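Below you'll find the structures, each written out as C-alpha cells.
Below are two complexes that have chain A in common, paired first with chain B and then with chain C.
== the complex of A and B ==
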C-alpha cells in the first residue's frame, strides 16, 4: 500500500516537468522558435561528456544547499539565509585555510570545520532573534544575507586580499596543495574529460547523514512533529525554543559545506568570481525534492542539467532565459500537484479506514 | 413573521454527528439566544447558516424564502451578517476604511471616503452605534472594535445579525453597553441571534432561547418563562448513558499534591488562585466547571506549559515546579489533552509515529545506537490497537483517516499503555461515539483500580459523577465546593458550576 502511494507521489514532479515543457514550448512558438529543435539541442548538448561532468560538479553544492534548506523546512522554518551563510563561511574558510599547512586530510577537515562553524553561527543569529525577540526567520535571514554580503565585500577588499600579486580582482591567497581535494578523473578513468570535483563523495555522505538525522534520530522526530503540529509537539515535551535554535544551527552548519565543493575542489580561493546564488537555488531543489534526500538528488541533477544544457541556446539565437522560466514553471506546478496528491492520498486512506470500520 | 426557519438540518463529520435534525424558528425582530456547552453543535449550525459549510441535509428559509448558501457572500446577500468571536479587523486601518473594506469595487485609489462617511453616519444614527470613524482600529478598545464589526455588517444591509460568543471578550461594563446597542437594533427591526453559554447574560438579553446539546435541539423556550437552574439542567442534560459506579476505594498514598497554586496571564488577569488539592493512589479526582473558569490553565500548569506565579506541585513527594514538560512526563505523568487533533496527535503522520508522542525521549523508543526504535513503536501501536479496539486498516495508517472515536481510543491507549502514576485527562470522551465512550470509561476505571491516580476534567457531568471518587468545583479560578459524587445530581453540580450554589 505504501509503495502505491509513493508511486503516486512520484507522478507530481514528472507531471510538473511535462507540463512545464508544454508551457515553455508555447512560449517558444510565440517567439517564433521551434520547440522540438530547441529541446533536442538542449538534450544533445546537455548529454555530452563535458556537460555531464559539469552537471555533476554543479550538482554537488546545489544538493548540499537543498539539504541545508530542508533541515529548516522539516520543522517549518524557512532558512532563506543559506546564501549568506555559505558565502561568508567560504570566504573565512578560504582565508584561514590558506594561512597554515598541515597534512592533507587534516587540512581539508579543518577548513570544513571552520566553514561549518562560521555558517552555523550565522544561522544561530537568526535562531536567537526568533526565539528571544520573536523576529521571523525569513526577515532576519534575508537581512543577514545583506549584512553577510557587506562583510564579505569589506573582508575581501580590505583584509584578506592577496597582496602578493597585483590582482585585478580581489581574491584570497590560494589554498596550499594540502588544502585541495584532488579530482576524481583518474579514479574513474575519464582523464580525457574536464575535472570531476572530488567533493562528490562528501555530498553523497551528507545526503545519508541528513536522512539518518531526520528519520532515524529523536531530534529528527521532534523536528518533523514540530513542523506538522507545533502545539502537539509542545504537549509532548518538545521545547520549541531550544529546537528552533538547534534547527537553525544545523541548517546553517550544512549551509557552510555548500561552498566547500567549489572551494576545495576547483577554485581553491575565494574571489568575487566565487559561485553565488546557490543558497536560493537550494530552496527550489528542496521544494522539488520534497525535502527527501533522494528526491532532492534528482531535483539537483535536473536543475543542474537545465542550467548546463541551456548554455548552448544563446549560440543558436534562442534566449537562454527560457531555462529560468522552465525551472520556475516546474516549481510552481509541482507545489500545486504535491498538494493535490497529498489530499488524494488522505481521502484514499480515509476510505480504506472507513471500510475497515464497517467490516 | 419568522426571519429564519431552520428545517431538519443535519451535518456529520467523520465520527461525529455535529447537528442532527435541527429544526427551529427565529421570529423577526427578536433577540434569539442559542445556548449549549462547547461541542453541542452551536458553531456548526451557525457556520451552516452563514454559508461557511454545507449541511448534509435540511433546508433554511430566510423571510419565508428557501435559500441555498454556497459562501458567506450569499448569506450577506440574503441579509445575514455575522460578528465573529475573534474580530476580523486590520489594526492599521481607520474605522471607516475597515467598514468599507471589500465593498468598493473601484479599488482604494478611487475611494470616495466622504461619500461613504455620510451613509455610514446614517446607519450609526439609526441604530445609535457610536464610534469615531477616523480613529485607527488599534486605538480602539475591545467594545468599540466589536461595535465596528456590528456596524460593518449593518452597513452591508444585514437584517439578521449573528453574534458568536460576543461577551467572551468583554468586561461587564462593555457587556452592558453591548446589550443597550442590541436592544436598540431590535427596536429598529433587526433580528439578533446570540450564541453563548453564559446563562445569566442570555436570560437578561434574549426573548427566546434555543438549547442545544450533543448536536440536537433540546427545546426553544421564552426567556421569561424559565429560570437559570432549569436552563442549566436543559443544557447539561442527563440522557447520556451513565457510567457505572466505582468499586474500589482510594488508597492512602498521595500521588499528586498541589499547594496554593496561583497563575496570571500576560495581561495580569488571574487565571486561578489558591488552588490546593491532592490525588491519592487509585483515586479519580473530578474537576467540574463551566469552560473558561481556569481548569484548562490548571492542567497546563501541572504539565509545565502554563507558568505559575506561586505555589508548589509535588509528584510522588518530589517537587516538580521547575521541571520541563519532558521531565515531568518522564516522571510518570500521562496526559489526554482536551483537543486531541490540535494537542495530542500529528494528523498526517502514521499511528506508529504518533504512538511515540510524549515518550519520544524515553529509552523504550531508543535503540542501542540511540536512534529511534521503530520496532518498539510498531509493537506498541499494535498493542494499543488491540487492547483499545482501535479500528484501523493497520498501524501505518495516518491518523486523519481514523474516525474521532478511534483517534481518541488511540490517544487514551497510548497514555495508559505506559502505566503512568498520574493521568491528567481532559474531556476524555468529548465528541466520540457511545461505543468508544464506554470503552474509554472502562479502561480508565480498570487503570484506576490498578493504582493509577487520575485528574479528570470534563464538561460531561454524568461522566464526572460516574467516574470520580471526589469532585472539586472550580468557579472563576477558585475551588468553591468539594463534593461526594455518591450524593450529588448533575443538576446540583450545575448549580455549583454556575455560581448559583455556594
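== the complex of A and C ==
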C-alpha cells in the first residue's frame, strides 16, 4: 500500500513540470517564438559536456542550501534566512581562512568549521527571537538577511578589503593553496572539460548526514513529530522551545556550508562577485523535493539544468528570464499538486480503514 | 490625572524614546532629527510600507497569512510603470493596483481553494514576481530607449501636489498665504516647534496620492468594523466554521480579503514608482512588503496601529536618507534609553536584565564617543534593525486573528 501512495506522490512533480512546460509554451507562443524549437535549443545546450559540469557545480551549493531549509521545514520552521547566513559566514570564513596557513585537510576543515559556527550563530538569533520574544521566524530571518547584507558590505569594504593590490572591487585576500579544494577532473579523467568542483563528495555526504539526522536519531524524530503534530509532540515530552532553538542552529549550520563549495573550490576569496541568491533558490528546491534527500537532489539538478540551459536563449533573442518564470511556475504548481495528492491519500486511507473495521 | 499616569505607564516604551529624540534634536548638530523636511520624507517613505501593512491586514483578518506582499508590491511597481509609460501616471496607479490584485488572486487560489500552506505559497509568489517583473520588462520595453532588463523608461507627467493654506503657506487663487506652522518651527521652542515641524512636514507639498493613501486608514477602519461585509470578513479569520454555519461564504470572503490585500500592496508599489524615481527598477521594493508585514504585527492587526508602525519605519528610513549625522545622534538616544530601562529593571529587582541594559548602554556610549558618524552600510539597515528591536519589545501583547494561517475546508469543523 505504502508503495502505491509513494508512486502517486511522485506523480506530482512530473505533472507540475509538464504543466509548467505547457504554460511556458503558451507564453512563448504569445511572444511569437516557437516553443518546440526553444526547448530543443535548451536541451541541446544543457546537455553538452561543458554544461553538465557547470550544472553539477551549481548543484552542489543548491543542494546544501535545500538541506539547510529542509531541516527547518521538517519541524514546520521557515528559515528564509539561509541567504544571509551563508553569505555572512562565507565572508568571515574567507577572511579568517586567508589569515593563517596549516596543512591542507586541517585548513579546509577549520574554514568549514568557522563558516558553520558563524551561520549557526546567525540562525540562532532568529531562534532566540522566536522562542523568547515570539517573533515569527519568517519576519526575523528576512530582517536578518538585510542586516547581514549591510554588515557584509561594511566588512568587505572597510575591514577585510585586500589593499595590497589595486582592486577595483572590494575583495578578501585569496585563500592560500592549503585552503583550496582541488578539482575532480583528473580523478574522473575529464581533463578537457571545465573544472569540476571538488566539494561534490562533501555535498553528497551532507545529504547522507541529513538523512541519518532526521530519520535515524531521536532529535530527528522529535523534529518530525513536532512538524506533524506539535500538540502530540509536546505531550510526548518534547520541549518545543529547546527544539526550535536547536533546529534553527542546525539549519543555520548547514547554511554555512552552502558558500563553501564555491569558496573552497572555485572563487578562493569573497568579493561582490560571490554567488548570491542560493538561499532563496534552496527554498524552492526543498519544496520541490519534499525535504527528502533524494527528492531534493533531483530538484537541485532540475533547477541547475534550467538555469544553465536558459543561458543560450538570449543569443537566440528569447529573454532568458523565461527560465525564472518557469521555475516559479513549477514551484507554485507542485505545491498545489502535493496538497491535492495529500488530501487524496488521506481520504483513501480513511476509506480503507473503515473498510477494515467493517469486515 | 490617574488616567494620564496610567497612560504614561503603559506607553512609556514609546514616549521615552520620542522625548529623548526631541531633546537630542535641540542640539544644533542633530536638529535634522525633527525638522519638517525629515517628517515630510518620513511620511513619503512610510506610505508604501503602510499600504503593504494595510494589505497584510485585509488578508490576515480573513485568516490568510500573506508573505507574498513583497511579490505583489513588485508587480505593483512594474505594472505602474507599464500603465504610466503607456497612458500617464493616474493610469499607472490603476495598473499597479490591478497587477497587485492579480497576484493576490494567485495567492488566493493556492491558499483558499487548494489549501496550500500560506507561507509556502507566499514564498513561491515572491520568487515568481521577481522573474515576472524582469520578463515583462524585457517584453514590454524592448524597443524603448533608456530601458534595460532591470529598468523601465520614465513615466511622463506627475501626480499633483498640494500645500495646506494658512497653516503651511499654500496658495489660494494663486496668491500665497501665511505659513503659521513654518514660523513656529523656526522659533526652536522645545516640543512645540518639533510638533509644528511634524505638522508642517506632513501638510506642505503633499501629493494627492499620499492623501488618497492616508484616507485608506479611516476607510478600512470604517469598512472592516462598521459594515456587514467587513464583519463577515473578520469573522472568517476568527472562526470560519461558525461563520459558515451563519451563512457566510467563507471562501468568497477569503478571496476578497487576499485580492484586496494584493491590490493595496500593488498600490504601495505604485507609490514607490510615482513618488520616487518615476521608473520601475528591479529591487526597488527592497523588502518593504516584509517591513509592511512587520508594521502589521507592530500595529496589532489594526489599521491605525499599522499607520503608526509604518510611520516609525518611515522615520528611520528618512533619517538614513537625509542626514547621517543625525543617525549618529541616535546612538546617544539608544544609550540614554537603555540606561532608563536599566534603572527600571533594577528598581523592579530584575538585576540580570538591568545589567545587560547597562553593558549594552555603555557599548553605545563608547561607540558614540569614538566615532563621528555611523558607517553608511549600517545606516542602510536601520529600518530592518528597528523592525526587530521594536517587535522584540512589542510582541508580548499580540492579539492576532484566531485562525490565521490555518487552512479551512468547507464542511470541516475547526
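Assume the second predicted complex is superposed on the first by the 359 of 359 C-alpha atoms of A that agree within 3 Å, B and C clash if a C-alpha of one lies under 4 Å from a C-alpha of the other, contacts with A are read in each partner's own complex, and residues count from 1 in each chain.
Rule of thumb we're sticking to: a residue touches a chain if its C-beta (ideal position, glycine included) is under 8 Å from a C-beta of that chain, and two chains touch if they have at least 3 such contacts.
For clarity, every value in this text was computed on a predicted model and none was experimentally measured.
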| item | value |
| --- | --- |
| Three-chain arrangement built on chain A, chain B and chain C clash or fit | clash |
| Chain B versus chain C, judged by how many residues of chain A each one touches | C |
| Which superposed partner A:191 touches (first chain B, second chain C, both, neither) | neither |
| Chain B versus chain C as contact partner of A:31, first or second or both or neither | second |
| First, second, both or neither for A:321, with chain B first and chain C second | second |
| Which of chain B and chain C A:225 touches, first, second, both or neither | first |
| Contacts of A:349 with chain B and chain C, given as first, second, both or neither | first |
| Chain B versus chain C as contact partner of A:151, first or second or both or neither | second |
| Overlapping segment of chain B (options 7-15, 61-69, 97-105 or 493-501) - the one that collides with chain C in the superposed model | 97-105 |
| Chain A partner contacts - residues on chain B that touch it in the complex | 14, 303, 305, 324-330, 335, 337, 342-349, 353, 356-358, 360-361, 365-366, 370-372, 391-393, 396-398, 400-403, 406 |
| Residues on chain A engaged by chain C in the complex (per definition of touch) | 31, 78, 80, 129, 133-136, 138-140, 142-144, 146-147, 149-151, 153-154, 157-158, 280, 283-284, 287, 319, 321-325, 327-329, 331-332, 335-336, 339-340, 343 |
| Residues of chain A touching chain B in the complex | 1-2, 212, 215-218, 220-222, 224-225, 228-229, 231-239, 342, 346, 349-350, 352-357 |
| Complex contacts: residues of chain C adjacent to chain A | 67, 106, 110, 114-117, 119-121, 123-125, 127-128, 130-132, 134-135, 138-139, 149, 287, 290, 293-294, 297, 375, 377-378, 380-381, 384-385, 387-388, 391-392, 395-396, 398 |
